[in-house]
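This structure is in structure tokens; I'll ask about it shortly.
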């Protein structure tokens, strides 16, 4: 049994496997299928200051080895989370990390301030890369200046672990990563979805109500691994890798490319127990290869 | 936060294909058996089926459960060829394993009155949950009637099974069986009905909903929005309701038409 | 039989289906499998002023619904093409377009000047987006300034149809497209490959000798369709769409999103006759939908 | 620019699985039949096989042709389980169709002298093209000998077929059959050899190439570089040669060791 625990800032994970925001609900949705406490962490769905209805249906399209989504941050707001959801998951046996979204810097700060009331929330993941909202979202994530402004404000408001989730829809993601590192982020997670589009040729219209949406799934994994490798070489803070991870082998690609931890996303839709299996498969790989501590292979490439 | 109850409400498991019976060119009936008992399944719930044989099918396919015997771990799925995924599913051979998540979603409610006149309306492959519901209602002492519609006689599926449960009224677009025309034009809707349960193409369900409001019958419909996860995590299959956007996979697939915004 | 012919600048194509550079050799490689004259055009492999050996093996890795390549513009140079290859393909019954690459602006110009000697070459596609060469290549394609400089120089040197192939590895591809349009390009083609990476976890090393490479195949199609849709709305010149096209339906996605023509790439490796089949499938779609002229549905979205 | 000859050098076609014979846990022999005759096929050429059954296999898989009867449209492929693609191929059932591009690449040359001592060296699944070559050489009046190596006796494949052609020398890493050790340590290499033909794992081929140079035998090896297109279009499968990077799929897969740069 290898040592799998890793640290992200002051956040300690029992293993490097977390579930990605928007793909695992709040956790209980999957409790019938697996033991949530086997995970390194659960990143709950994007939470905003006020409730959001999200975009119109259709919000999803299947693509080769992937899918497009345009949910648009549907959620009931941070107060609902704090009062109605947090009490039911705070004792689930793993770290619960909240994905924070907003249209303005003060929105982000407002969510973080409310989350300070919740002792068991040791970290937030800041979504500056949502391609499916008109205001904010990706707008902050595609320029170093925008990313820095959100990070700086949250760094003042949030003294626990601050993770910033980066957009892959940029020319040089290392520039954005360095900007958020300079403003005091404890970690960056990448990649959010690639902006994509699909057409229903029989009806001659876009498949999504929003025309474009976010591409996720194994299709994007090579882009994600490349960006993680680039960013891990460009910053000193730990990098969290995600994008198309479906098995232990996929997770190890990210770890070897420089990720300290990973997030499992779309694969949760294909196999609701996959995240727990990935922890086991990483363990098996370590035993098979005489690896005593997962950190031996992090960033080996 | 493990669900410690020895029988969780939902499971993901490999099931063995016991039979795969073609029903004409377009449809097939898949009989599946789990290694052990399945959780309680109620009419209107669905399964998320993994399609291993199709290179181009990435997501699971939600398929309404047609009949279920949870104790013996058996279910039947009525499948319509709608693309590479369903084609691959209908190509499965007896003995082959298929991976399913089930049972998912919320099923149909029960009539308020024991002697209620319940009319189960199914269109095309939408008859699947109506068979499950008919069997349950009859077992519980209700006297369900069926109104089944299809393009042609060839598209009227599992008629013998329905006739074994209760009176069956038929309509076809071309008149090759039953009354020519749409279900909502059928004479049965002129006579009293307390509860309508409906599954079929959306235009048909919208028309049935209108008819139900007109005649003052309670009406539940089963929606087929596109889904990814099937458990309320991805928020892709939402339907606009009186409570805003809700997940069809968890709040539905069955909705009372009063919850929906089809009128607007 | 619908009218399928389209124009790209002064270039007339009998139908909108071409084969993408680097995926169809020079044409004869596929002549045993299909009739080359059924195509709208053949874009031959990247040609440079002098011969290039390309990158070391391994140059390829299979990925979910796609592949990574790092060929690095291996070719025998423009003189070899003009003397040894052109004579054998100039009468193949379809347009032959040369993909032009270089490390410096003068390299590009040198190739174009040599191609002026070849009467049957009515168009060149300028590759400012190759992710697999150290100098030049993508460097020119990721900034409006770089793209403009290559385009301006070639516009002076080349009076026939000038197509500029754009890189998707940018924050705003419409900015690059407008820049090359302003410098007189007759058309833009997109997308070139997405920069990606894969790891051989058993050997703990990158799958490619160059670490990173270009991702192509159906996996990238949603990104390509999105960018074609964005660019078609941003420029007046015709757009050529490519990225993961495997069948007529896929090609129609691009046409409806605004592409005047398409290029079939990686799919040629899966079915050597696929490009000819795509022409047939587009025809079938038109007949089925009573479309008399393909231009009726170009940019319909 | 249609290839107008009624029989092109290469074709892409669906072939029917006539038999799929497991050879131990790791290998299988696939017998395939085309609807009509196939183009001329020579030993060392390969086929690009499309894998329809595997979700995760995107590209075709290049597989050396083990035996071929072009006139009757029949070929055999010796397949080693190396991943999802080959697993799916070995799961094919008789009657199933498999799509192939063939024949691809250049095969083995012939010994200069009619009475040449030709030694065909195969390792593991690399014996496949050696069977094809042995059959051709014998039919042409040569007297081929075989030197086959494998991990264990269980990995020595199709021995009866080889023994029907000529003398067979064996080595295994564990000594469970023939001489214990690698092929290059076998006594046969101490005796005169004019032409060596070899296919197997790269380290083995490199060792054989060295031995060939030492004893002054002409030597051809068959390379297995990863490929995408198989027809010289993608330039992915290149091998560094005395003429620079060349495509293994068109210039090879068979190379004379003088063309290679293994010495450097």
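To keep things simple, chains are lettered A, B, C and D as they appear, and every chain counts its residues starting from 1.
Everything below uses one rule, namely that a residue touches a chain if its C-beta (ideal position, glycine included) is under 8 Å from a C-beta of that chain, and two chains touch if they have at least 3 such contacts.
Since the model is a prediction, treat every value here as computed from it, not as a measurement.
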* Asked: Which chains are shared contacts of chain A and chain B?
  -> none
* Write down the chain pair with more C-beta contact pairs when C-D is set against B-D. => C-D
* To do: Report the inter-chain centroid distance for chain A and chain D in whole angstrom, where each centroid is the mean of the CA atoms.
  => 47
* Asked: CA centre of chain C versus CA centre of chain D: separation in Å?
  -> 35
* Structure fact -> Expressed in whole Å, how far the mean CA point of chain A lies from that of chain C is 34
* Structure fact -> Distance in whole angstrom between the CA centres of chain B and chain D is 54
* **Residues within chain D bordering two or more other chains** => none
* Structure fact -> Contacts with two or more other chains occur in chain A at residues 61, 63-66, 217
* Asked: With chains as vertices joined when they touch, what's the shape: line, ring, star, complete or other?
  -> ring
* Give the pairs of chains that touch; include all such pairs. => A-B, A-C, B-D, C-D
* Under the touch definition given earlier, write down the residues of chain D that touch chain C in their complex. => 1-3, 8-12, 50, 56-60, 101, 225-240, 244-245, 250
* Structure fact -> Seen from chain B, its contact residues with chain D in the complex are 52-55
* Complex contact set, residues of chain A against chain B -> 22-25, 27-37, 45, 53-54, 56-67, 69, 71, 74, 89, 91-93, 217, 266, 268-273
* What part of chain A is in contact with chain C in the complex they form? -> 61, 63-66, 68, 142, 169-171, 194-199, 201, 204-206, 211-212, 215, 217-223, 225-226, 229, 244, 249, 252-253, 256-257, 285, 297, 300-301
